[in-house]
Amino acid sequence: MRPGQVLFTYLHLAADLDLTRELLGGGATCIAYETVTSPNGTLPLLTPMSEVAGRLAPQAGAHHLERAQGGRGVLLGGVPGVPAAEVVILGGGVSGTHATTIALGMGANVTVVDRSAEALRRIAAQFGSQVRTIFSTRDAIRQIVKRADLLIGALLVPGAAAPKLVTRDMVQTMKSGAVVVDIAIDQGGYFETSHPTTHSSPTYVVDGVVHYCVANMPAAVSRTSTFALNNVTLPFAISLADKGWRKALAEDPHLRAGLNIDEGQITCRPVAEAHGLPYAPAESS
Amino acid sequence: MRPGQVLFTYLHLAADLDLTRELLGGGATCIAYETVTSPNGTLPLLTPMSEVAGRLAPQAGAHHLERAQGGRGVLLGGVPGVPAAEVVILGGGVSGTHATTIALGMGANVTVVDRSAEALRRIAAQFGSQVRTIFSTRDAIRQIVKRADLLIGALLVPGAAAPKLVTRDMVQTMKSGAVVVDIAIDQGGYFETSHPTTHSSPTYVVDGVVHYCVANMPAAVSRTSTFALNNVTLPFAISLADKGWRKALAEDPHLRAGLNIDEGQITCRPVAEAHGLPYAPAESS
Amino acid sequence: MRPGQVLFTYLHLAADLDLTRELLGGGATCIAYETVTSPNGTLPLLTPMSEVAGRLAPQAGAHHLERAQGGRGVLLGGVPGVPAAEVVILGGGVSGTHATTIALGMGANVTVVDRSAEALRRIAAQFGSQVRTIFSTRDAIRQIVKRADLLIGALLVPGAAAPKLVTRDMVQTMKSGAVVVDIAIDQGGYFETSHPTTHSSPTYVVDGVVHYCVANMPAAVSRTSTFALNNVTLPFAISLADKGWRKALAEDPHLRAGLNIDEGQITCRPVAEAHGLPYAPAESS
Amino acid sequence: MRPGQVLFTYLHLAADLDLTRELLGGGATCIAYETVTSPNGTLPLLTPMSEVAGRLAPQAGAHHLERAQGGRGVLLGGVPGVPAAEVVILGGGVSGTHATTIALGMGANVTVVDRSAEALRRIAAQFGSQVRTIFSTRDAIRQIVKRADLLIGALLVPGAAAPKLVTRDMVQTMKSGAVVVDIAIDQGGYFETSHPTTHSSPTYVVDGVVHYCVANMPAAVSRTSTFALNNVTLPFAISLADKGWRKALAEDPHLRAGLNIDEGQITCRPVAEAHGLPYAPAESS
Amino acid sequence: MRPGQVLFTYLHLAADLDLTRELLGGGATCIAYETVTSPNGTLPLLTPMSEVAGRLAPQAGAHHLERAQGGRGVLLGGVPGVPAAEVVILGGGVSGTHATTIALGMGANVTVVDRSAEALRRIAAQFGSQVRTIFSTRDAIRQIVKRADLLIGALLVPGAAAPKLVTRDMVQTMKSGAVVVDIAIDQGGYFETSHPTTHSSPTYVVDGVVHYCVANMPAAVSRTSTFALNNVTLPFAISLADKGWRKALAEDPHLRAGLNIDEGQITCRPVAEAHGLPYAPAESS
Amino acid sequence: MRPGQVLFTYLHLAADLDLTRELLGGGATCIAYETVTSPNGTLPLLTPMSEVAGRLAPQAGAHHLERAQGGRGVLLGGVPGVPAAEVVILGGGVSGTHATTIALGMGANVTVVDRSAEALRRIAAQFGSQVRTIFSTRDAIRQIVKRADLLIGALLVPGAAAPKLVTRDMVQTMKSGAVVVDIAIDQGGYFETSHPTTHSSPTYVVDGVVHYCVANMPAAVSRTSTFALNNVTLPFAISLADKGWRKALAEDPHLRAGLNIDEGQITCRPVAEAHGLPYAPAESS
């Protein structure tokens, strides 16, 4: 990167000191997708990837439940006369809602666990009595994990490491050939037993349970993901191109929230704190 | 009854020797609703009562699951964050399908058990993945009964005593305060522990399980039941009135199948056999 | 109660001078579920009981429409060829929405009446054309009440006496054997003809109309209600236990809104005003 | 037509003596779509037109309910807070089922009236509690007609003149600006007040009620109708072309049922009887 | 109008200098429905008309797709074996959502185009996978317009002229006999080829495409529209009548936002600006 | 196998001369699942496998559309703002119906192609306007194949080689990275380009199109498949065990239809004809 250049992409600098240093040295203006905000307090450039990952999770889980992939050999939706698989989804936010949509669509018995009563009500209103909603307590998770054929960790806590909701001893109580899909692996993962895998070697087995913990899940459907991302980044990109980045940032506080590095200075507090480097607030005009 | 009179109503003579003798002596022409047939082999004047009873069963079950009625104090549909009750319906025919409709509508987790793969497929096609279908084996029934908050016996085998699918030792494994509804009680009942009750005193408790075994359930909603019955009997009644019973019977083999007693003779073989009395086939012209 | 004790439960002190005096004298710290607030302005510890009561209302109504309970003898959902019952729900808020869910599920023809266009739109978006929505005017209520088989008063106005939307002369126009369920009876009830009843003797008849006005309806399904309540109170209870009540209240303005009595002083203005007693605002730190 | 030619199309000869004579004289082989049969006893080449007409009926009705078309000025589905229109559909067969699909989809309150309990059960199973089903009696029709904003006559009785289910005095009880759509007008129509109209002048008013009685309704959507018809006639056309008509007719009794005129002789009994002309059965080989 | 009179209705003064002058001269107090606001920033007295227009659009489109109206002769929902029509809806706001409801209900293949990711998510959550959602770009519109049988412009931008999203050369690529419905015609219309028409002569043809651009569409269903409007204006009218207009305006900032002319002065900035007349802010007390 | 032994399993002898000879020599009684019949003319022991394979097909297709599996990188259901994939299902029978259920549930745009108008009507009645139904002609297939992201051959013609509906030149017109799933591969396959693959190496690429043609697909979910198969074979197995095979066969013509080899003689005509060996009809008593 050279001074005067503008970088507008996913950066995740808090987790990458080398990249941070390189960008600081290059003098470029670095706007990170993942910290751009919206009027209602969400991170709108992360939402499409949460949607894609949520929808992929049951598909990945169903595939790895097949016998040849090491799974229990159960069909998510069963057939008439043979019960459907039990799918447990931890988290009823964006990813969890989309995972629920697809898991129900594939015919599974779906249970959503969340500690927010509001989230459970939203799930219940959208899906009706088709989906079981359970308030999240450590004990409730322990009970439900045992019964799961497919367990999806779908709670994304923006900017924070994912909590280890499912411990190793819980995994040991799961059925042999059950599958866990950890879509928070980029944040460290939900499961004590999780570690990142790749699209070319997506799973490993712990205590008889197949773990699917692929980093950057949305790349599996790159065509869909690219369009989804473009839809939300395009207006910002046009603003940057039309007005010049300085004016675009000055006029839009939500885009400005995405500014991580500006003229060799870190303008995003969490990034500065993560690396113990100095922080300089972005100017608003 | 006097000679020349025509009786067209429910009779159930096979179970009532006194009534049979009285009607034989009176000389009346007795056409029983319950043995009239239809072109597709069903008993069309029984169907509405099966529909009503099926729809009433979850309503009765939900009421008796209330604490003040001796039940477990669970709400059929739960609320967001609290799981719904488990409703198990034995039988996927007319009554079972209607019981499923209402139980699902009240938000319960519904499992239908039947030994006919065709019945389970029909249930699955009509209700989709909302309902669990399980092939009926003794072992499957034993397992599922344990988990039920509400267990509905909904299998009507026309003209036969209901099989005792649920034994006393199965009932003993049920949760305390669970409810069973036995809609086949008029045929003897499904449960070893069943005996008929009345609308004014509808339940009793065995091994902690509330038993609702009301004979003639449809009388609870007499207004609805009367209209439902009239809809199906009216065309036959009009035919009897317009043509005279002899011509009406002669022209319609399905109505003729309803003829149980004619001029002092039993014209319905099962009735004759039940009482060891002589049988005379109805003339077709 | 003794000084130093913390009471965290439903209190409803504005309606109970004796209890208020006793608690003031005892010196306890009294936090009332019903006045705890949430960031979006609702009363989150009341919501689960509104949900439970709303879902129970059609179940109670259906039961009391049975002939043996004094009702008209109609089945909520009818059967094919016989029309469903007309269910009218006054109020499209939390209770009304849940009552709608269950009444539709039982197959009834459902009309929701509300004076908020927003509430009617939310109902229409959630249930589609299955439910009829009517803007609430005195005349509209008068017309619709006449046609109802089951009339549910489901409008909870937090902290206020329920408006008498349905007058005695309107009740006189209702069908004989129709049922009214007044879920606002704890607030005085919707109907001029309402007075509180109990789970053991739930109904009385006025002008041929069965009145179900059970106080504390959710107790009917105590198991479900307890879990539902625990889900929402637990985080506050943990906070109180972990931090001590003083710190917990100081840090959380929503919990603090629940503080009704503190060291012998009334800290909730409506309670003070209801009894003409002095009011002392809760300290925020 | 000349001898040796084969005519394979709609003919409706029973209603057209001139055409019958002309075809008899020409010596052609005339196979009428409307009398070809299927293994399950239906008239398969009529079904697509019944589907199209059924789906068009609510669309035509909704349009003519508009003020500028003389209607009451009501929107079929209402909007939140304003009730939907009442649509009454006489007949729950093919046309009635498709009319129900579209009327429900447009948000109307739909009532289906039929005298077949089986038909009402099929409607209830397909559409659930969204649609009201009523058993057809003269009295029921009289009551329901009064309340209808849109009344659709949708009962096709193959080969017979439509029964006049709705009399002039019933029409007089309808609301001013209500609309009737008579899709059986090609068979003489359901309503005493019906007479055929055209696509260019589709309606007339009797007693304040807009009558839409367009003959050959499916021509309104000729593109859709043509494809629908081709789908079902194509296999027969291919058989005629591949095998020659004589062999094709000999081998397929269902196609043979379509043969109305063969070598100057009427081979369809109802056509012969309608015109008092001699009848010669088609040879089967 | 005379001084002292209060006018409370739709006015649209920015577009009508003559009316503005007349009202200024008359001395009346003029409150315009269209500028009354709500707490959540919407224009609540416009919403019902957006709902009605949205629901009418597919109905109008379906009618004009009929052959006799100049359309392609396709049925919106097709029939089994013949594909449904392609309906493209530009705008996923109030009108677009209601248009989607009805178009789906009529069986069409529906695509909604919007430039707001939030709007598309709301559509997707409400309708599920039944509806296709596409992010709005000039290129996406160009591609989708070609495939449409029915194209509905449903984006209302309050107070602003509608953007010309569909250009003349795009219209030229449409199928012959396709229909466009422009519900923004009161704001100038979406289509370069749009100009206002009337209920008595609703369409004209450009490049083979039928244009339905009726001004004041909701008048077609005046009965429904009147009730819908009364529901939302009534509370304000009661307030004006009960309190007197001055007090009512003083106490309610949302009603006050509706004040356009007060004692000969323009109190609505956009109206003043539109006509280059002086602006005097409404007093708040 | 030894004389006196009874073999009751899948045999597929017509395709396996060696096995046929071995069984003939051994003298065993061989009853083949795949030729057992039912009263309604279906092959009931094949149905469960058709259900499983149909449900697996979209799951397999979705997986292989992932980039790492060589697919186009599209998500079956898209996300809001990004269109879903186009899934084309050839055949609307048992497998096709189940494939449709799952593909719709995963959010795809689904088109079902069949040459039976009845099958298309059944699909349309079950799934409503969510699914597009197209009458099968060579031209229609050619057009639709081009647009498919996922093409599923789901037409099982019992006992016959599958027709090659999709030719190599059609495959060449497909999008690069599209996926075909051929569930009729055990019958030779639908596609000219199909040849059997295995669960461990399930795909190959022809003309840029990923081919998934795994023989014995249901083995992927062996647990589900085993239960499904047991449900339907159990009653026959019990009958064989209880009565002895000779009596069981004598009494049940449907089980008898499964008898392929009896005391060294081929009793199933197609097997005999396939191998040019003598045929001896099974005795009926």
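Every chain is named by a letter (A, B, C, D, E and F) in the order it is written, and numbering of its residues begins at 1.
FYI, a residue touches a chain if its C-beta (ideal position, glycine included) is under 8 Å from a C-beta of that chain, and two chains touch if they have at least 3 such contacts.
Here the structure is a predicted model, which means the values were calculated and not measured.
Visitor: Can you tell me the least number of steps between chain D and chain E, where a step is a move to a chain it touches?
Guide: Counted as steps through touching chains, the separation is 1.
Visitor: Give me the chains shared as neighbours by chain A and chain F.
Guide: Common contact partners of chain A and chain F, which must touch each of the two, are B, E.
Visitor: Could you let me know which interface, C-D or A-E, is made of more C-beta pairs in contact?
Guide: Answer by contact count: C-D.
Visitor: Indicate whether more than half of the residue numbers at the chain B-chain C interface occur in both copies; give same if so and different if not.
Guide: Answer same: the two copies use largely identical residue numbers here.
Visitor: Where the centres are mean C-alpha positions, what is the separation of chain E from chain F, in Å?
Guide: Centres of chain E and chain F (C-alpha means) sit 52 Å apart.
Visitor: Distance from the CA centroid of chain B to that of chain F, rounded to the nearest Å?
Guide: Here the centre of chain F sits 38 Å away from the centre of chain B.
Visitor: By residue number and range, which residues of chain D touch two or more other chains?
Guide: 48, 77, 79-82, 101, 104-105, 107, 117, 125, 128-129, 135, 227, 231
Visitor: Between which chains does touch occur?
Guide: A-B, A-C, A-E, A-F, B-C, B-D, B-F, C-D, C-E, D-E, D-F, E-F
Visitor: Touching residues of chain E toward chain F in the complex: what are they?
Guide: Contact set of chain E toward chain F: 77, 79-84, 104, 107-109, 117, 120-121, 123-125, 128-130, 132-135.
Visitor: Over in the complex, which chain F residues touch chain D? Could you list them?
Guide: Against chain D, the touching part of chain F is residues 115, 117, 125, 128-129, 135, 137.
Visitor: For a test of understanding, state which residues of chain C touch chain A in their complex under the given definition.
Guide: Interface residues on chain C, with respect to chain A: 44, 47-48, 101, 105, 126, 227, 230-232, 234-235.
Visitor: Considering the complex alone, what residue numbers of chain F touch chain A?
Guide: For this pair, the touching residues of chain F are 48, 51-52, 55-56, 59, 62-63, 65-68, 72-82, 98, 101-102, 104-107, 199-200, 219-225, 227-228, 231.
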